[in-house]
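Down below are the structures I want you to see.
Two complexes are shown next, each including chain A; its partner changes from chain B in the first to chain C in the second.
Presenting the complex of A and B:
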């Protein structure tokens, strides 16, 4: 608990609790707003010949949700990786962990405190981002029920949980923050490619979560692969977390 | 009473052995200095005792320790270059350290305040650690190491990075702490070890080459040199002294005459009586005690030759 509190205070003092939610909100509403005002933007910027008729597609709320999620999948993941890359690796590199880990702290607490603090920051920021997106979708594009909003947050939140856990896993293993970030992103990219290549075999790959969320919004019901994929994601996260603790325990902490 | 027993401790890094077959017993309440040149394995030993490194062979046992007990409860450790969370204040860091060692909240706070006073940085307790000077950080480091009243305090080069004033302050602090707990510290500054430690472990290339209390080692490496100083006319006196029976040879080092004797007692007697009879203008007479420096050089040389 002491460790967890320290993480929260640290993230507050270094302003992560301010900028991460803000960035997530911006990411979430950027596409919904810019697409809605596209005609005006084009007009204001000019450059089109007189009399050009330009048909812009009308987006359904579900499609706009997917735009926000697409932003989270790219820039959002990048931000999560950047804020998490040094959480353990950086402490070991700087040598501060030498002071902390000679105290009788349990390695389980050390890892889980880091994990939980990051996860809360990530999920709360994502929640606010998605809330902003939901608000604009409702006023600009049409109705998206609050229930659907919560389901999106729940299921996509699992994907972000997986990303955070993956980063913690590499943090426990390696003490170079840059390498942690690279490996996390690299792993996610490899997973995406594998999921695409073997899509008929890997129906429940965590990378499919956002596709199934789209399906859920279109069909207005929770598809069974969404539940399956969600379970797989949870399982993978738990395994990674346990593996992190295990690796960290085995490690020589001064090196 | 034995506090700690180290048996056959060996630690190898990828290709090189940092510490070879170290054995020693640590008596309760002692202050032991690990001395040796850079790279002798001092830090490796301390880190292994602190549990930060895992030995390849051998064991470290605290007396009265239950099996599966966490040795980290009984030790306080200050690394050579302590790093803190620079966004915390000194007080916050100490409370945090105390809480990590399972002190209850209130106790951690009172203990932290108490230690800040003791190490002399109470006035800066609400400043961010990022603004602390090197000496202040070192003192904060000692405070965090003893916040949970460990039985053994381990300090890795506690004074070598400090300026003379900071050094003096930390040495005084260690002198005080000696009465409360056992201390093991490493240093390559021999005079510091000489000043506060009860026992010495001389390390060279990962092995203990000599161990014992200061007086034991002094006796063992006693040199038979007498240092003499005169008001003037050193050369004149040198020839007179060389004429004495018990003197094997002598040489000058600046304004000091170093005299090697065959029998130190006899030489003392002869020099002093002759000086009194002939009314020499002698300004100082010193029986040169083996300094740590000489001892160290001798031991290391023997190692190399033998």
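Presenting the complex of A and C:
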């Protein structure tokens, strides 16, 4: 627990608690705002012949939600990976973790404290980002109920949990921060390709979460495969977390 | 351009600009207080001020020295 507190204080001191939520808010509201003003922007930039009628689709709230989520799954994930790449790997490289682990602190504590601190930062930032997006959607595009908003946060939060856990897993395994970031993103990309190729077999792959969220918003009910996918994502995260504790223990004892 | 400026509802855009501004200020304060950064401080000042949004983020991720 003290390790967890230390980690939270650390994240506060290096301003992560300020800038990560702000950047997530920017990511979330960028697309809703710019799409809303697209007709004016095109008009101002010009270049179209006189009399061109430009029909832009009116977006439904659910579609705008998907735009925000798309930003999270690209740039958002990239930021999460970049802020987490050195969390354990960097400390091991500089020898800080050895100083900590000399004290009677178990390996489980060390890893879970890191994991929990990172997870809370990520989820809180995502929550604020989505809240801002929800606010703009209601003003600019039409109603999206608060329950729907909470469901989006809940289910997409699971995907981000998985990303965080994956990053911690590679952190426990490898000492080079850059390589941790690369492998995390590489793994996510490979998973995406595999899910697309074998989509009829891998119905419950975590990568499908955002598609199912879209489906949920359109049908106004929670599809059963969304629940299935959510459980698979939780299971995978738990397995990864346990595996990272074991790997970390083995690596540290070997040193 | 004039038309564009008039057609925009500033109440909608203002929070977006504010957040960007806060991000910039926080990055600058952190930079000034930092003893050392990766690369020269002046370089980071330019990056933070002139590259929208991305500049401060780059500084926080790559410019800060872990201590």
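Please note the rule applied: the second predicted complex is superposed on the first by the 252 of 255 C-alpha atoms of A that agree within 3 Å, B and C clash if a C-alpha of one lies under 4 Å from a C-alpha of the other, contacts with A are read in each partner's own complex, and residues count from 1 in each chain.
One rule holds in what follows: a residue touches a chain if its C-beta (ideal position, glycine included) is under 8 Å from a C-beta of that chain, and two chains touch if they have at least 3 such contacts.
These numbers come from a predicted model, not from an experiment.
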Partner chain(s) touched by A:199 [first = chain B, second = chain C, both, neither]: neither
Dominant toucher of chain A (residue count), chain B or chain C: C
Touching partner for A:102 - first (chain B), second (chain C), both, neither: first
Touched partner set for A:83, first chain B, second chain C, both or neither: second
Touching partner for A:94 - first (chain B), second (chain C), both, neither: both
Touched partner set for A:252, first chain B, second chain C, both or neither: first
Touching partner for A:19 - first (chain B), second (chain C), both, neither: second
First, second, both or neither for A:10, with chain B first and chain C second: first
Common interface residues of chain A - those touching chain B in one complex and chain C in the other: 14, 94
Interface residues, chain C side, partner chain A - complex: 1, 3-4, 7-8, 12-13, 15-16, 19-20, 22-23, 26-27, 30, 53, 56-57, 60-61, 64, 66
Footprint of chain C on chain A - complex, ascending: 14-16, 18-19, 22-23, 25-26, 29-30, 33, 36-37, 40-41, 43-44, 79, 82-83, 86, 90, 94, 132, 136, 139-140
Residues on chain A engaged by chain B in the complex (per definition of touch): 2-3, 6, 10, 13-14, 94-96, 98-105, 252-255
Touching residues on chain B, where the partner in the complex is chain A: 47, 50-54, 70, 72-73, 75-77, 79, 81-85, 87, 96-97, 99-102, 141, 144, 148
